[in-house]
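Note that the chains are named A, B and C in the order they appear, and that numbering of residues resets to 1 at the start of each chain.
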Amino acid sequence: MALDKEEMLELYRKMCLIREFEETVSKFFSQGQIPGFVHLYIGEEAVATGVCANLVKQDFIASTHRGHGHGIARGASINKMMAEIFGKVDGYCKGKGGSMHIADVELGFLGANGIVGAGLPLAAGAAFANKYLNNNGVSVCFFGDGASNRATFHEALNLASIWKLPVVFVNENNMYGISMSQERHQNITDIADRAVAYGIPGVSIDGNDVMAVYEATAEAVKRARAGAGPTLIECKTYRHHGHFEGDPTVYRSEDEVNQWKKKDPIPRFGARLLEMKIMTQDEIAAIADEVKREIEEAVAFAQRSPVPAVEELLTDVYCD
Amino acid sequence: MSVGIIANPASGKDIRRLVAHATVFDNQEKVNLVRRILIGLQAVGVRNVWFMPDYFGFYDRALEVFTGENSLQMDTRLLDMRINADQEDSQRAATLMLEKGVRCILVLGGDGTNRVVAKGCGEIPLMPLSTGTNNVFPTMVEGTVAGLAAGLVATGAVERENALKRAKKFSIWVNGQERDIALIDAVVLTEQFVASRAIWDVEKIRQVLVTRSEPFHIGVAAIAGSLCRIGPEEAQGLNIVMNRAGEQPQIRVTAAVGPGLMQDVSIADYQTILPGQRIPIVETPCVIAVDGEREITLETEDEAEIELSMEGPWVVDFKQTLSQAVAKGLFRK
Amino acid sequence: MPEMTYSQAINEALREEMRRDDKVFIMGEDVGIFGGCFGVTTGMIDEFGPERVLDTPISETAIMGSAVGAAAAGLRPVPEIMFMDFLAVCLDELVNQAAKMRYMFGGKAKVPLTLRTVLGAGLGAAAQHSQSLEAWICHVPGLKVVMPSTAADAKGLLKSAIRDDNPVVFLEHKMMYAMSGEVPDGDYTIPLGKAEIKRAGKDVTIVATSLMVHKALAAAETLAAEGIEAEVIDPRTLVPFDKETLFQSVEKTGRLVIVHEAVKTGGFGGEIAAMVAEECFDMLDAPIKRVAAPSTPIPFASNLESAFIPNEEKIIEAVKAIL
């Protein structure tokens, strides 16, 4: 289970890639080059990265409206993701889905989702399929603190618990659902407590520590593959940007944001790798450069790609 | 005549729910525990209770039922302190309680929570209540009973010498500086991350130091418990060095290293240690776990030593305290 | 008459009704301190406090269901569902509870609630945040359905909806929030079930709903330059439906074009066409035409989204096809 040097560097690089990707999306959105709604994952990268490092080919993830990080961590093509966000034909969904619907089912990525909480039963279903097909696959559902108040959360956990489905429910508790702080939207602070009601293990971890996320997921995935059923993992984290790009964030204080920025998962893991002498300052700079180049290429790819032909409006409604 | 309550909202939900068979101890149950404690405290005449503020809000939640004819006859207050939702909160709360002159602190949490409180509480006695299944320092004690015992100590109705025991502790010295303490055990792991904090993989354990060793202990301390017995008041501890992979074991034992988690471990050597003696750790880089939580990361060039001390926190012996109170007729109407 | 936006008109209607009747309250996701996802309830929490402007968790089932319960128990809830698409996650409460309670209970209950929600494409919000699902609601007996197209209509109709003793679904188009218009002063209401002729004409009748009213008016303007006088009717409420105004117009023009943004298949345009075919067949001089979105989910890419949404050219084309 212990990671080797290359694997640790890869975790770091992935987080940097997600960060750079999203900062770039943020920039183009503010310039009016990206339509629709964009929800950024900046600050929460350790969750997707630590979780997905445990997954293999036959596994599935179900994501949320804040899904770029999940896709990248699962190994999706950043070129196709960027093109999709720009609404271009070479995007994952031919430009028909946009930021909130990026998906790559073949990669085991069941899609970002515009409906909060929709992923939970979908992930249970994918886990059911894996179990039914006896392929040892697991599925993971990412969902927010706000989503844990949807009926789908309760129904999916219950179903998964009675059917012992190989699913890991990964709660990204960033303490807000749009403007609603957790203390205003639920009478508990640790969503892991809700596991008790479904008779499954619930653990609460530091979601800004990629190794903590990695370890907890490794155990939950092991448990799921062994046939012991679902787990709820609560990752405490924070989004640095507003709920969506353009959100005036009147509901939280500057001070709170700054406190959390100090716990930024990327410099934190970077500092540890430096301390351990697994990585050097030069390597950090090299990763930053490499990631920047990759994202520039993704943007160039997206910008080069044409908009979809109007005929595309009518295709893909049904299978042929 | 005042007491303090430090309840850790984060205890009872770490990864041991997943890697062992620990149960989730949800916060609503801790709220009930606090309520029972308050009733106990009030019954023996405590007049002031200070609470540590926390992200869950034990103070408001516990008190919300005490209205109307059920109102408490005590002054209950929150400490004025910023909360960061990390373990330093408990340490600072203990220090503030010390400054407020509280006479006893009730601690709801595990070994880890008590360790942090012990760093801040000075000579104030602790009444530790376990909110988990993996603890040695705090005991499973009913809340009302704990409240009564703590209250009897705080009011002076039972004298300190008849009520308290002094715990041992370890000081962890890193490069000549005291970095941290442990109340029960310090464990050296071939590991480089604090990550999810708990320990469950015995393969990674290189060295175990314990302040006490009893056959009924749970957690890594159980490895010591399966070797020999050292009581909580005896002036000694134990240092155990584990085998490296491939080495011939001197001794193999089986121990309950987690709730519902039995593991076989191979021991190279062990010896008792005495107060004041500084035991070098056997390997760097490593992570040192104190009282069950990975806490200190050390690099190759770091040097660390662990020292046993008899001057740990004072702890309320609730059974003895209550027996004394009964003997004095304090519960007779 | 003061000018205000569609959004402000709704805000004003809510405030006036809340001042008038303390049984009225609003609830929904982010309607309080955030002022609503589209800013419609801005400032209301300051005037009415959190007791009457309730921020809810993301629990549509509980929002809708508790509104039904509160209404049955004597209050006048005005719940908000952030996007009409999310009605899909709380349809039971609307369809099986709110709509049927009175009937099932033999007329012994009333459910005076007004559900406000937001429909329509145009923001690049894609397949799950852009739909116009009014036909679903119209299909359920027991629910009233309102779709205002101007600030004045929004205000007058919302006030009537709140005072109505039935469950009313009030549908706001997200692309109209910023549109301004004159709104009469004072306690101004518009009865439910009353269409308005937005432009008079003699050659063809165009029935359009919500945002499409504006596209129909623009089309009529262009047609007028070519000597074709189109009459544009906005039914304003789909249930109850003002047949009389429509039939009178068709009698005059003999030609009917129906425009809505919802997809054509199963859209409310089919219902309007059927009413006219059944009851005024003799008055028609040409087949009825429907201009509606193609039967596809709503695409993200801007060019596809524009192709999806019915526009002026398509309306003009339809009119010319039957002249």
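Rule of thumb we're sticking to: a contact is a pair of C-beta atoms (placed from the backbone, for glycine too) under 8 Å apart; a residue touches a chain by one contact, two chains touch by 3 or more.
All figures in this text were calculated on a predicted structure; none of them were measured in a lab.
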May I ask you to sort the chain touch graph into line, ring, star, complete or other? line
If you count the contact pairs for each chain pair, which pair has the most? A-C
Quick one: most central chain, C-alpha centroids? A
Rounded Å distance between chain A and chain B, as computed from the means of their C-alpha atoms: 36
Centroid from C-alpha atoms only, then distance chain B to chain C, rounded to Å. What do you get? 62
Complex contacts: residues of chain C adjacent to chain A: 29-30, 32-34, 37, 55, 57-61, 85-86, 88-89, 123-129, 294-297, 299-304, 307-308
Which residues, counting only chain A, touch chain B once they are in their complex? 1-2, 183, 188-190, 192-193, 195-196, 201-205, 209, 211-212, 214-216, 219-220, 223, 231, 234, 259, 272, 275-277
Interface residues, chain B side, partner chain A - complex: 9-10, 13-15, 17-19, 23-24, 26-28, 55-57, 84, 191-197, 201, 285, 297, 299
Any idea which chain A residues touch chain C in the complex? 35-37, 84, 87-88, 93, 95-98, 100-101, 113-117, 146-147, 149-152, 177-180, 184-186, 250-251, 307-308, 310, 312-314, 317
